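In structure tokens below, several structures.
Each of the two complexes below includes chain A, the first together with chain B, the second together with chain C.
Moving on to the complex of A and B:
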């Protein structure tokens, strides 16, 4: 079979979310980043593979590492890693990494580029807003910077990442959730953010 | 009527005298102030009658002014059963009384009171059931009389939601103990949520008088509230009711339209205590209230509770209430102290200085109503001779207000929900709560502490215990002791003429409780159920203690031995809207959802997915399905099949894993080929099917049914936890979307957009698998024949799917390609004789019944369910799934209609219809049905019961359409 690179063709990606509906005026800002590039790898050799590619990977599951260039590495389990390029500035590198992963023994490319929607959440009241949707305490102190919660948000599975810089209050989050229920989650987030 | 003439400030802490509010009660116009409750505004206007009692329709007025009783239930336009003493006044609201016949003032059903002797306790259990059929006569009458307010069925639902709230310490109750606990816990570094049902912080500090001078409470309140407000570690929730305690300190707190789901590491319950009433004749007349109610009227609303008041007390608090009233212009001629020894000298001197007389060792034995029987006019005072007994002669004292202070019962409900036990010392009449749940502490009057300084200490003690548990402190605090006695041991004076109410909600008198025990209901739980005591809106807040005392005495036990009834959530009535909250009903859309809507699709649910059933208006369903089917048969159609499940298996053991999971053989499946995959469970039942594509030596992509994929994925991961094969299993259902382009023109459409794959029959035969690109976007192509025509399933990464759909639609335009829905697909596949697992199968269907023997690899050693399949298929068979055909002129069978073994009486059920549609190609009804094993032969006539009548279907050979498969070979 031919090469099947799914992180390629960034311009052809279409998010199910209507971007004009973004909650920008609220004190909680929600942005749809579904169209940005991400790659996932899993397997017994995934960690060593990423390290060989020069990536800094978290030591523990449910932790995130972010580099100065904006690339975020999520460790979702002992052997599963997602690389998130929210700023959409590492397209070529991630595409190359995916291509490289296909030939690595013990490394399996994951399809998070297309299976998950990605939302970015900012604002002082983010944790308070989240409390209307999620049973995990995401407030500063309880959910530290670089933490990941694999939980349920508005009754759909979601991966919530605290991407705040550790010196600041926790007010930046990424939410990754099944792309087919993205509109439901988006509507729930917008509704929850109304009061802020 | 004007309710604006109030006592001077600073009384009236809850009202804003600059904002007048007009409202109506029973059609009359009234005035109040912003901050008033409906009840306070009415009382300020002299309107004491607010409701009628449940059974006897006796006039009732405010009892607690705190929403702790059912005496003030009123009807609002959109809401019945509103507590007028809790509900804040709203401008221009029309308030009505409820539970009356005629008018509130002239309730014709008040005559029921005269028939009370015919309605003894539990009478309804012993009436209405004989002679046979009499219930039908009684039922309309009882239904009319039962129930309280009226629901507005035109009410437009309002927005309610829920939110979690997390903290180290939750403090329930913001009285002095709660405030002290919250402050100390917060100062110690804990995050605190402070919950109180009232608008103001402070609890009893806002209305109670703690000393003769009346200065102590205000000073302490100001100090405590000052420390709480603005404290960075304290989140204050006022007007918020903690309605239950659940395991691990999970507390629902309702504030307005929001339910907070509080998760706390530690919990301090400082819920206070309910003041208790005295049981005597006519103790329910409007004008008779708790002392705390009179204090609330004055302190919160600046309303004078009456002109002339008598205080009936069993503790010192009655004296303090008398002082408060006397200082605010109420004539208080007498304090009746049930205690023999009365009060301590300084307090006695203070009341005497105000001209108030004190009579000790006496009680009110009877309240006398005024001429219209709707308000208190006088009380009869009798000397107490022994427990519950009074002297024959009494003294009549005219008054329009009677304040009762019999003592306090801890607000134990939340704690007992958590398993705590309420203990009672019959000698001292003191309560104690024991067996508290882990990480729960109590403080203040709920803990039996009533001296204000001790209450504050107790709050601090509870906070210190929380801090130790949170490892924020090592200082284990000492327990706080308090000797102050507030409960009179027997405030029950049964009157021979009755109307001595134990339970106001249910109109239960002292004799009702005693009679229940005489009828054999000795257990307090049985007394409750037989008499309904404690089952009204106030849930035993005032009736539990006198009931326990009466039952204990009647059964020669102690109150502790008798106990109280079980406390269950919710603490106060809560609206279903609060429980439902904002409803999250997740749904899944395919990337093409918007296009389907644009094309006018009639969408139907498929699990939580939404799928097009067909395209066009619902009323043209049959016609549209036929048109779509013919388009596929004669030209080309496209269907969104993105909801199909997709699972990827990768790794050296992928083929071995497939071979163990599915019934077919997969070890030697060629790369680039697909194979039908049937999944059975350990019982040998077919639970799913799909198409397995071999992408590489170590790489399979297998589809699963829309509704079954999650279970299949779960099964796969479960089995591999045992097998430990070197395979990675990934559920890629959402990652890949898919369409099926089907029909004789399908290849022509596809080759316009997918130019890097040779789509010819030779290069890409039926059941082949290829990968290619459409405008550079990678796609997976499967040659399938589910609908019986040349077809290509195009599986594409989901974020590309909409773009590819649009490209295909443009490409198909030349061939008048038509989108078709899932109902059309069901018809097409039926014509081809393909089953749908779960529609044409049930929880017992094994492969043999479904004629799927060809999909089982008999030679391989194992697959999940193989042993069971062998066993069930070796047994004598009882049924078979067959195709049937019917003339289109007879009644059409539907899914689920039963198949019989013969026509006429005595027929037995042998099976059921699983699918049936009208086939435009065959111009007949066709279907699949389970039939008896003796009915499976082609040509047999099988009776199907359709709407009560049998029709005869003919068993036919499958498939109905294109048995040679020639349609797959279209050039």
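Moving on to the complex of A and C:
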């Protein structure tokens, strides 16, 4: 069991979301990215391990590092990191990194591939839409690009990441939530986005 | 709405937090008496004072410690457990004892 690689067999993954239901006229576009590859590591040596693998790691908890190549590094606490491949273009690298983590002292893998659903939100009214669902202020002034909020969204626990790129001048967010409540959150997001 | 300040995430609605009991020293369960263990597991002082309590921020899976006044219910301070606990407490291994249910 210790040889089990979480990020492997990407083609076999399924999402609980029926994406055919997401056709909508809203200016807030919601996409289901649950099937894309992600891997988490935790432990006192996790930060140094990722740096040795050539990753750019955020300095502070609740911050994200990313570039246009689609790989996003989340720092969720002092010792916890998630790597998210939204563009699904780093499969081999993440699989190799995960294999490497097996033999590292003080680095433990996290099963965020199977435990969480992943949605991507785009559109300039995304922040206004969040105001309907979330108690934390995620407006432009309060929630800058690269920020992470771990809080309650539509009454379920969620990790909200602002992945906007200033060059593109468009709002972009990721939402990670427990996979067992994914359908509820998906419906809540679709409902909240209708008015925009 | 009641708010609590999580040391990791900042101010959050109180509904995001789960109470984890008073902060108290755990006796060595291999050597302490039943009375000492019961006192640790089941009993609290329950007097009017400022106490230290474990709290859990559920969306981030983060345990921390809060100082709260038991009468006014005011939360005076919250902080990371590393302020109090620097090392893992190990009660050692017992030779020749097999644990668990077969």
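By our rule, the second predicted complex is superposed on the first by the 186 of 196 C-alpha atoms of A that agree within 3 Å, B and C clash if a C-alpha of one lies under 4 Å from a C-alpha of the other, contacts with A are read in each partner's own complex, and residues count from 1 in each chain.
Here, a contact is a pair of C-beta atoms (placed from the backbone, for glycine too) under 8 Å apart; a residue touches a chain by one contact, two chains touch by 3 or more.
Everything numeric in this text was worked out from a predicted model, so none of it was measured.
Colleague: Please tell me which partner, chain B or chain C, touches more residues of chain A.
Modeller: If we count touched residues of chain A for both partners, the winner is B.
Colleague: Per the contact definition in the header, classify A:76: touching chain B only (first), chain C only (second), both, or neither.
Modeller: So A:76 only meets chain C here.
Colleague: Contacts for A:162 in the overlay, against chain B (first) and chain C (second): which applies, first, second, both or neither?
Modeller: Neither chain B nor chain C is touched by A:162.
Colleague: Answer with first, second, both or neither: which of chain B and chain C does A:193 touch in the superposed model?
Modeller: Neither partner.
Colleague: Go through the superposed model and pick first if A:135 touches only chain B, second if only chain C, both, or neither.
Modeller: It touches chain B and chain C both.
Colleague: Based on the superposed arrangement, let me know which partner A:12 touches: chain B (first), chain C (second), both, or neither?
Modeller: first
Colleague: Could you look at A:61 and tell me whether it touches chain B, chain C, both or neither (first, second, both, neither)?
Modeller: second
Colleague: Once chain A of both complexes is superposed, is A:149 in touch with chain B (first), chain C (second), both, or neither?
Modeller: It touches chain C, and chain B stays clear.
Colleague: Under the stated touch criterion, which partner chain does A:114 make contact with: chain B (first), chain C (second), both, or neither?
Modeller: first
Colleague: So which bits of chain A does chain B touch that chain C touches too?
Modeller: On chain A, the overlap between the chain B and chain C contacts is residues 135.
Colleague: Where on chain B is chain A touching in the complex?
Modeller: Touching chain A: residues 161-166, 191, 261, 263, 582, 584-591, 593, 608-609, 642, 648, 650-651, 671-672, 695-696, 728, 730, 732-736, 771-772, 775-778, 780, 797-803 of chain B.
Colleague: What part of chain C is in contact with chain A in the complex they form?
Modeller: Touching chain A from chain C are residues 1, 8-9, 12-13, 15-16, 57-60, 62.
Colleague: Over in the complex, which chain A residues touch chain C? Could you list them?
Modeller: Spelled out, the residues of chain A in touch with chain C are 61-62, 76-77, 135-136, 149-152, 157-159.
Colleague: Please give the residue numbers of chain A that touch chain B in the complex, ascending.
Modeller: 1-2, 4-6, 8-9, 12-16, 34-35, 42-43, 108, 110-116, 128, 131-135, 137, 139, 141-142, 154-156, 178-181, 183-185, 188, 191-192
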